[in-house]
Amino acid sequence: MALPAPLRGVIPPVCTPLDPHGEVDTASLARLVTHLLDGGVHGLFALGSTSEVAYLTDAQRATALETVVKTADGRVPVLAGVIDTTTPRVLDHAAAAAALGADALVATAPFYTRTHPREIAAHFRRLRAEAGLPVFAYDIPMAVHGKLPLSLVHELAEDGTLAGLKDSSGDEGALRRLLVGLGGRTARGRGPAPAFSVLTGSELTVDAALLAGADGVVPGLGNVDPAGYVRLYEAARAGDWAGAAAEQERLVGLFSMTGIGPEDEMGRSSAALGSFKAALWLLGVIGHQATAFPQIPLGEEAVSDVGRRLTAAGLPPVRRARTGDAR
Amino acid sequence: MALPAPLRGVIPPVCTPLDPHGEVDTASLARLVTHLLDGGVHGLFALGSTSEVAYLTDAQRATALETVVKTADGRVPVLAGVIDTTTPRVLDHAAAAAALGADALVATAPFYTRTHPREIAAHFRRLRAEAGLPVFAYDIPMAVHGKLPLSLVHELAEDGTLAGLKDSSGDEGALRRLLVGLGGRTARGRGPAPAFSVLTGSELTVDAALLAGADGVVPGLGNVDPAGYVRLYEAARAGDWAGAAAEQERLVGLFSMTGIGPEDEMGRSSAALGSFKAALWLLGVIGHQATAFPQIPLGEEAVSDVGRRLTAAGLPPVRRARTGDAR
Amino acid sequence: MALPAPLRGVIPPVCTPLDPHGEVDTASLARLVTHLLDGGVHGLFALGSTSEVAYLTDAQRATALETVVKTADGRVPVLAGVIDTTTPRVLDHAAAAAALGADALVATAPFYTRTHPREIAAHFRRLRAEAGLPVFAYDIPMAVHGKLPLSLVHELAEDGTLAGLKDSSGDEGALRRLLVGLGGRTARGRGPAPAFSVLTGSELTVDAALLAGADGVVPGLGNVDPAGYVRLYEAARAGDWAGAAAEQERLVGLFSMTGIGPEDEMGRSSAALGSFKAALWLLGVIGHQATAFPQIPLGEEAVSDVGRRLTAAGLPPVRRARTGDAR
Amino acid sequence: MALPAPLRGVIPPVCTPLDPHGEVDTASLARLVTHLLDGGVHGLFALGSTSEVAYLTDAQRATALETVVKTADGRVPVLAGVIDTTTPRVLDHAAAAAALGADALVATAPFYTRTHPREIAAHFRRLRAEAGLPVFAYDIPMAVHGKLPLSLVHELAEDGTLAGLKDSSGDEGALRRLLVGLGGRTARGRGPAPAFSVLTGSELTVDAALLAGADGVVPGLGNVDPAGYVRLYEAARAGDWAGAAAEQERLVGLFSMTGIGPEDEMGRSSAALGSFKAALWLLGVIGHQATAFPQIPLGEEAVSDVGRRLTAAGLPPVRRARTGDAR
């Protein structure tokens, strides 16, 4: 389907449910996509960091993307992550994603290597030229270990290389400067890149990003509570900032689940992704809580804690944690 | 004077004007304080990073603080930075600040050393016990190279060690989690630390911080345009979020002055502090643009550029950049 | 072939020559392998960082490894990098490398993700269990953004998970602590992991690493001057430390070529890899200087400068830089 | 006394013994200096990081330096750290150190602030111009959070601004490039800065640094075993590299004491400095083990462990850890 320009709204990075053997659980993934569409989301981002893209083999990436595209069935656009170290490898993923029906691509700057801004610009330009699909830049310094320079994003927005930005940098000051440079919240549509979409990946400050003029949000927590993020987005669109902030506060409370896994036992990826999957399992959306190897699964007590936080946020579980359920 | 609890509003970190010999220009500093009070600010933060505290000798720190206290004359509270590497040295500064009439202290975690969170807690507790004044924690990872752990701030807020936090971390997600933990924007006063003041030092996202429930802001750019930040604060207090955001956008535009100094010629401290001082000189508030050694002064062209940005933001200069004026 | 245990000597990370279309130039690669074998190297490391592994598609990785294995023809062992973000993707590369005849694998810790030491241990253990080949850990914080904990390396050395370590961390103090923990330079063979091979990737301090008891070196610059590194290694083995240091100093001088590419024009990967390829082209070993996209090629003047440094180090070029040769 | 040019040998950073009230224990400090001189050291570095300079008030710094100078009594040169955030504050310390009889100064680049290399150069040049004493640059990125650029050190060595470098960066590759640039191990005295002294602060790789042509070492562990470092230095001077390496290995074993303090209970400064002081107390050199506030003291079990490592390294304690001794 044609991508709206700019793309707006709530576009969750879709979790990739796995079975106990570590393979993509396509039935669960289809149910998750339906859960998201039922929540009113405006797009789907497959193969993002929250989708555990870095843990999926090429074959698994294809299975996951295919399932999302088929289940979405053209009702909302599907963005596909093409996450790899450098341009040649990203181009391979881009060709695969295009063949599988993705509506747009999401790419980071090169990582593992040490890359100059001029090289990053060449990377995005070549991807745009060869992929035949709109390209979103994915600014995620936690993973890539460098932030996209503001001037580079402006340049690639204004010359049409990029259809948008997914900003997971957590640097809200830089995001504000970008938005003001694009015309500010009132003049965005008349600014230098009227079709450029600015999406925040910072799920705890969505009201703030929308107040600043962002077009939408890519919330990992939106897997668990898509309707909550849609309510937040709609309140903001209506100018009800107090309502947006109240909804955001409820979601901040729910987000505390990502810190439940003990820091001395597991990585922060394991803890966050494990809590999302535990929540989706407790809510009956997916069939297994398994995260990809070598992530360490949440223990039973942590899963129970996730359940309590779901209840506190108004999302009572339909399953209960039991010994042996954690994986 | 007794410090309001919680402290609220606009509390600029007061620049320290210097004369051509690098000494504190007390006449200019007094005029700057008057300029800030005329702008309607609710407090003054002397000897902060924007005050070039790291460049001032102990004697110069005393001169600057004394001038601010005298000029404020009890009309608003004066917070004094006690910035040094560890507790014993900070305690010396605290005694000096108390003797000079500061109403509260602002201290970072230890730096230069490698310090454990338990040691940071002991640091703030001893400062609180010995200084006889309310203590604000200053979270500034760019300078200290570590972020205050959220759990530590909560602990020291709830047990009364800290009167507040100045958050210059730029981590708005963490700030939101802190605020929600303290009760959220509606229940702050009934939360676990009702007198604890949360101030953002991120001058580009003040509307967002206030929407999230922060009590106020410590804006470096507030030296140049105190009235602008007061308008922004008042709009937010009145629930006029569109108005607050519009004012914020104007200030983001003005803030671009901090990037005028060329990156290959000077450090980012020099460029930012140099632009604030150039603006204050162009506006006729202070007598010299000099920044402290070894910072590199802005060139004449950069100063002219500052002037143009002042004009664009509705603050037309009363002086004009000339050869030789830059320092 | 069976891998010596421990593996010792000079094992260069083999550059991957590319043609002007960015495809692997197998004829040049075969000549390069012959050049290295003629220089007396004790092993070959294909698909390492210096091989531009992060820029090669899976098909190109296979072509490069196949060429190295065929040309080596069992004369020295071939180690193959299996560089990717996490275990599932690394396992795919491992299966490919085993099928192509690699004698051992070289893997980093997971990257892009945030990974706990327990997860890193599980990563290496599973790779060892499934790959059917000896595994070397590759400690390269510049790329992976985390250093392998010393205690983890010890544990995986002693339990036989790892056949060795390629240490490109540049942390010589940690390397020394590792070596002393393994028995020290005199008691290595009687220490807790007698077959464990410690290889330094720090090509400027090889004499020091060998004095400390390291088993060998994986020098990127060894592509250009394999015989020099072999002489250095042999001098050290013979206890001629003054001779080893003199050879090292000559190689430090030659290494300066990696800094020729201007910092404001290209990334440090481009500059270093570009200089190695320029040198190999000037020496007549490979047919093209091209580095992988999106790296920026060295200009003609830089290539001439590489030539001058080759001459200064006693390796006179057989080609001369001309306009248009740089890529 | 006139400083040798270049300064050579073992120059320990002298610990600052404290009494239970946190004040400088001058009797213990004098005994420590005697212990170091008896060990054969070639100079003393007072008020360095190992001296807990960042924890000492100005008055305590003066007391400590005065005690070191008086006890040394001209037998070896005394270098004094002038550690503070920026030039104006460093100049105050420099004046104090000169008045107290220091023979040379040791200064870092500015910290807390963001400083450009041109500003760092101005910093050292002004210090040299105003202090009237030779100046050593102290490269300690762990504390200052930036590494001195190699080209800057070369420039300031060649123009005579700096008398030497104390390199605590742990970047042995950069150290090697510096030394080769200064003429290499054989031609140092005929190189571009013949009087420039290169001292390593990396106490685990001293043999390597001396093999590379360094002039000496500033070892924190040299407080505990000065004679060991002197033996290592003398072996290296005599070309007995196997002997130097064996001595280094023994010292690496002893250095393991710095990791005894548990990571989840104390900072790495506390653990390292606490172990040095525990060792000096166990050896009967100093009267108390206290480290400066807010560092956390080692527990009794850790102190016992320090004792065991002393014994293992051939330095049997004369005291035994008892309950209550730890502080």
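Going in written order, the chains are labelled A, B, C and D, and every chain counts its residues from 1.
Definition applied: a residue touches a chain if its C-beta (ideal position, glycine included) is under 8 Å from a C-beta of that chain, and two chains touch if they have at least 3 such contacts.
In this text the structure is predicted, and so the values were computed from the model without any measurement.
Under the touch definition stated at the top, chain A and chain C share no contacting partner at all. Separation between the centroids of chain A and chain D, computed from CA atoms only, is 49 Å. Inter-chain centre distance (chain C to chain D, centres taken as mean C-alpha positions): 35 Å. Counting partner chains per residue, chain C shows two or more touched chains at no residue at all. Pairs of chains meeting the touch criterion: A-B, A-C, B-D, C-D. Interface of chain D with chain B (complex): residues 22, 49, 54-58, 60, 83, 85-89, 91-92, 110-116, 118-120, 122-123, 126, 142-145, 265-270, 292-296.
Residue ranges of chain D in contact with chain C, taken from their complex: 170-173, 176-177, 180, 184-186, 202, 204-205, 207-209, 211-213, 239, 241-242, 245-246, 248-249, 252-253, 255-256.
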